[in-house]
Amino acid sequence: MTMNIEMENEAGAPEGKTIMKRSKINLSFSQVALGAIALAWFVAVIVPLIILFVFSFFTTEYFQTVYTPSLDTWTGLFASGRFEVTLRTLRVALTVTMIELVVGFPFALWLAKSDIGKTTRAIFLALLTIPFFLDLSSRTIVWRAILGQNGLINTILLSTGITDAPVEWMLYSEFAVHFGMIPALFPPMVLPIYMAISLIDDSLIEASNDLGATPAQTFWRVIFPLALPGVVAGFVFTLGPALAAWVEPGMLGGGFVNLLSSSIESAYTALRYPVVAALSTFVIALLLLLLGALLLVLRRFGASGLTLR
Amino acid sequence: MKDKLSTYSQEELTRRSMLQGLAAVAGTMAVSGVAGMPSAAQAQDLPVVRAYGVPTAALKDWAPMEASIGVRCELSGTSNDVGVFMRDIMASNLGETTDIFIFESGTEDILGPRGLYAEIDTQNPELTLWERTSDDWKRSDVVTDPAGTQWGVPVIGNADSFGYFPAKLGLEPDSEEELSWSLMFDDEGTRGRVAFGKGWAYSFPSAALYLKSTGAAEIGNVADMTGDEAKVVADFLIERKKAGQFRTLYGAFEEQIQLLTNKEVDVINCWEPAVREANAVLGADATRYAYTKEGYFKWGHGAYVAKQAMDRDNVDNIYKVLNYFLSGEYRALQARDRGYAGPNMDLGVAYAEENGWSEEEVAALKATEAKVAKKFAKPFVSTTTPQHSADIEDQWQRFLNA
Amino acid sequence: MSDLSVLSSPTPDTKLEISFRPIWKSVGKWLGLAMLGLIYFPLLWLVLLSISRDPLSGIPGAFSLEHYRALFASDAWHMPMVASVVIGLIIGLVSAVTATIIGRAVPKMRRPGRLLAMFVLPLFVPGMSMGAALFIFARSVLGLDLGFWSIAVGHYVWALPYALLIVLVVTLRFDQSLIEAGRDLGASDWQVFRDIEFPILMPGIVSAGLFGFLMSFNEVMRTIFLRGTTETMPVWNWVQAAAQQSQVPIIFSLSSIILVLTLPLLGGAFWLLFARLNKT
């Protein structure tokens, strides 16, 4: 089966060249369009981010940006301990993402490859997509009534005599923030993995079985490598929003879990663009380092399905 | 007193009204899909004043104002985030399209001198109620800058303290006794049962006020601390946080209501309407809004005129709206719907009496008047724009991160 | 030719027994179902709250339709709703089209890494940072007036990476030799795309459009910076929260209605996409 993957790739490369050669004859619509999109994207994304980075070297005084280059904002970020926000945010976001992956992968596998009917599958996919339509705050607010001191769970615990004092750590704690984020970020992990797995040809799996591979071998040699693009996509889809989490820490963290978005929001109430810029730069840099490391590991792992070469 | 729930319950739900609603949405979608989303087409010919600001100042229904002064007010809402508000005015040139801005005190100190607000023309013939408005309101820090320039017209205001459960604190439910802010910060009986707002602008000054009054810290202006003063207060708050004083640091208005109605906390430095909402569920006087020994977070909303608006031909209408904010009708409606006070409370009472409001409602208006008079005698006036905002914000983040 | 089967999620009649341990199958199933339970429990609770008299206490009870009445009596949310739907549709469409163009080109490139990194970068930029960056660029640097167009740009920048990655999941698997075959048979570029590529890539493209719509529909952090004075649905909710007169009960009702409307709609859409069309 590894052979099959190799074949796919080998087929891709030379074929690609010939296609490019041909397209030169009539510089195709797609190429022009791609160029235009890339250019527009550069202007709309990269340029603003560079400008934001530059802003981190200014300062704010009485709601006005002082355009004198200085390192004050950066030194202030570390002197006041504010940079801890970024580390905490990364820790929470990565924890949530890993939990999603552990739960989401087997579920996606089940959804894609077990013999449930088409209709059932369609319903599950719809169930995974619908939450995106609904206001996150009104969904999250509900947990407070359930996890609180006089909430549903504590009422049950107290009335059944399992505990004799209300459990306090369920709400307004890091636990609560994780708990709130996990259901919210489940669909973005499952959907891409599902998609990747459902694209795996069943005959590959059958062939693997026929050749006497153990289930574990089939999984690690066939299913997982082929699902890897989906896993990476799911990882990224989950990590991105997790890093920017704002609603859940705000509503369930009780102010004790100060994450990036709240800190940026707070800086913004004093119109401190430079602080916003420095915090953003710091977290993006940390994240890119992390992803770089991840990609290196994956490449070692032999992730030939990944074209991020 | 009436609250919004009872207003709603006067209406009848019929299947027809629901269908009408659906049809209206479908209709608007169809129209705007074709016409590229114009603003809601209204069939009225009334002159329009465009406002931008916090919807707290908005009437639940502008119809009474339209009937009274023949001007329609279109309010584009924003949240009470001063950063967003100032950005929109300074950086987005809102003055080109907007006539008046409505926001909490503080912005006029910056936007006035920088030429974004127009000075109020107190002689404008439409501003008929200016003379009779007391200086306590019209000359307050809310609408003037430190140099004394008149940048705005007062709209509403209140003196904020904290909500509490009298029963849990062993107090009489109808007591008007002045309590200490120590209940928020420093009381063994309330430890772990306190909710504290997590915005620096709203919560930091109250803590500073408490420390100043106990003599634990020397602070000049609690609403505008220096970085060093803020550091002392932050250290105190960090110590209290580690001691478990705060059950939660809340964020939003809904949260205030929920914390009270669920009895998740006993004390919370919240907005007064939250107490009203909680009592609507828990019963009258289940929660109370405190009179305090040390003082209050006194705030006001002002209406400020965009500089550019003075060159347009809408000035008369703008001043009609400004004058309306000083009038009895606006006063009475705001006090009834939110419990907030404002200039010329006496006119509000007169309006209610003339328009056949129930005795209960009139009594409530008078009570609001008396309450605010009592509270406004104490310090301090808040601002959303302290001089040392950057340092204060840094110290607050230290508290949040601790 | 095996890759042609890219489309067919396994049909129940093949009775395929996949060789991963049965225990993992049931673990995956039950963990996932538990997670769906965690997603839908608050939603059902929300529906109950929306028909309660005092929803802010968080405990359903004393049922009443008064908040629905208030919702339909008010027209304040109509325009924000329309704005959100229209912007969402535009973003969904544009994302799907551009993601397809990029997604088709990537497998043919020899070193797409840098280009891809550029396109997915916004995924790693927190919403408020991206909003602030775009705001500074559009206002302070270019001096443009903000409005629907800038909201759309902000949403597009957020939605495209998702759409692109979804399309890439299908295009990276696409067997390029099919195109060769098509050309050898004398098909034009457009014919190749329409008759060979599109049918195979379609689930990805449609999913990309759907994701584009969804990412836009609920976006608030970037919109706050880029809206000028226009309002989308989430921004309207955000503003109401500051009104000191709670509108949350109305928002509960609105969410409930959207839930009830989208459930059958999306169920049908997915059924069409993944079940019915696969037969052909």
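By written order: A, B and C. Residues from 1 in each chain.
Simple rule for what comes next: a residue touches a chain if its C-beta (ideal position, glycine included) is under 8 Å from a C-beta of that chain, and two chains touch if they have at least 3 such contacts.
If you want to know which protein each chain is, UniProt gives these names: A, C = ABC transporter permease.
Note that the structure is predicted; figures quoted are calculated from it, not measured.
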{"item": "Highest-count interface - the chain pair sharing the most C-beta contacts", "value": "A-C"}
{"item": "Relative to subunit A (ABC transporter permease), chain with the most remote C-alpha centre", "value": "B"}
{"item": "For subunit A (ABC transporter permease) paired with subunit C (ABC transporter permease), centre-to-centre distance based on mean C-alpha positions, whole Å", "value": "14"}
{"item": "Centroid spacing, where centroids are CA-atom means, of subunit A (ABC transporter permease) and subunit B in whole angstrom", "value": "38"}
{"item": "Inter-centroid spacing, subunit C (ABC transporter permease) versus subunit B (mean Cα positions, whole Å)", "value": "37"}
{"item": "Residues within subunit C (ABC transporter permease) bordering two or more other chains", "value": "57-59, 241, 248"}
{"item": "Residues of subunit A (ABC transporter permease) engaged with two or more neighbouring chains", "value": "141, 144-145, 148, 151, 265, 268"}
{"item": "Multi-chain contact sites of subunit B, meaning residues that touch two or more partners", "value": "81, 84, 87, 252, 254, 258, 262"}
{"item": "In the complex with subunit B, residue positions of subunit A (ABC transporter permease) that touch it", "value": "59-63, 76, 80-82, 84-85, 141, 144-145, 148-151, 168, 171-172, 250-251, 254-256, 258, 262-263, 265-272"}
{"item": "Footprint of subunit A (ABC transporter permease) on subunit C (ABC transporter permease) - complex, ascending", "value": "2-3, 5-6, 9-12, 14-16, 18-21, 24-25, 27-29, 31-32, 35-36, 38-40, 42-43, 45-46, 49, 57-59, 98, 101-102, 104-113, 115-130, 132-134, 136-137, 141, 153, 156-157, 160, 162, 165-166, 168-170, 172-173, 175-177, 179-180, 183, 189, 203-204, 207, 210, 214-215, 217-218, 221, 234, 237, 241, 248, 251-252, 254-255, 258-259, 262-263, 266-267, 269-271, 273-276, 278"}
{"item": "Contact set on subunit B toward subunit A (ABC transporter permease) in their complex", "value": "81-84, 86-87, 110, 192, 196, 198-201, 246-252, 254-255, 258, 262-264, 385, 387, 389-390, 392-398, 400-401"}
{"item": "Complex contacts: residues of subunit B adjacent to subunit C (ABC transporter permease)", "value": "4-5, 8-9, 11-13, 17-18, 20-22, 24-25, 28-29, 32-33, 37, 39-40, 52, 54-56, 58, 60, 76-81, 84, 87-88, 91-94, 97-98, 252-254, 257-258, 261-262, 271, 273, 277, 280-281, 337-338"}
{"item": "Contact set on subunit C (ABC transporter permease) toward subunit B in their complex", "value": "53-54, 56-59, 64-73, 75, 78-79, 81-83, 85-86, 135, 139-140, 145-146, 148, 224, 228-229, 231, 236, 238-246, 248"}
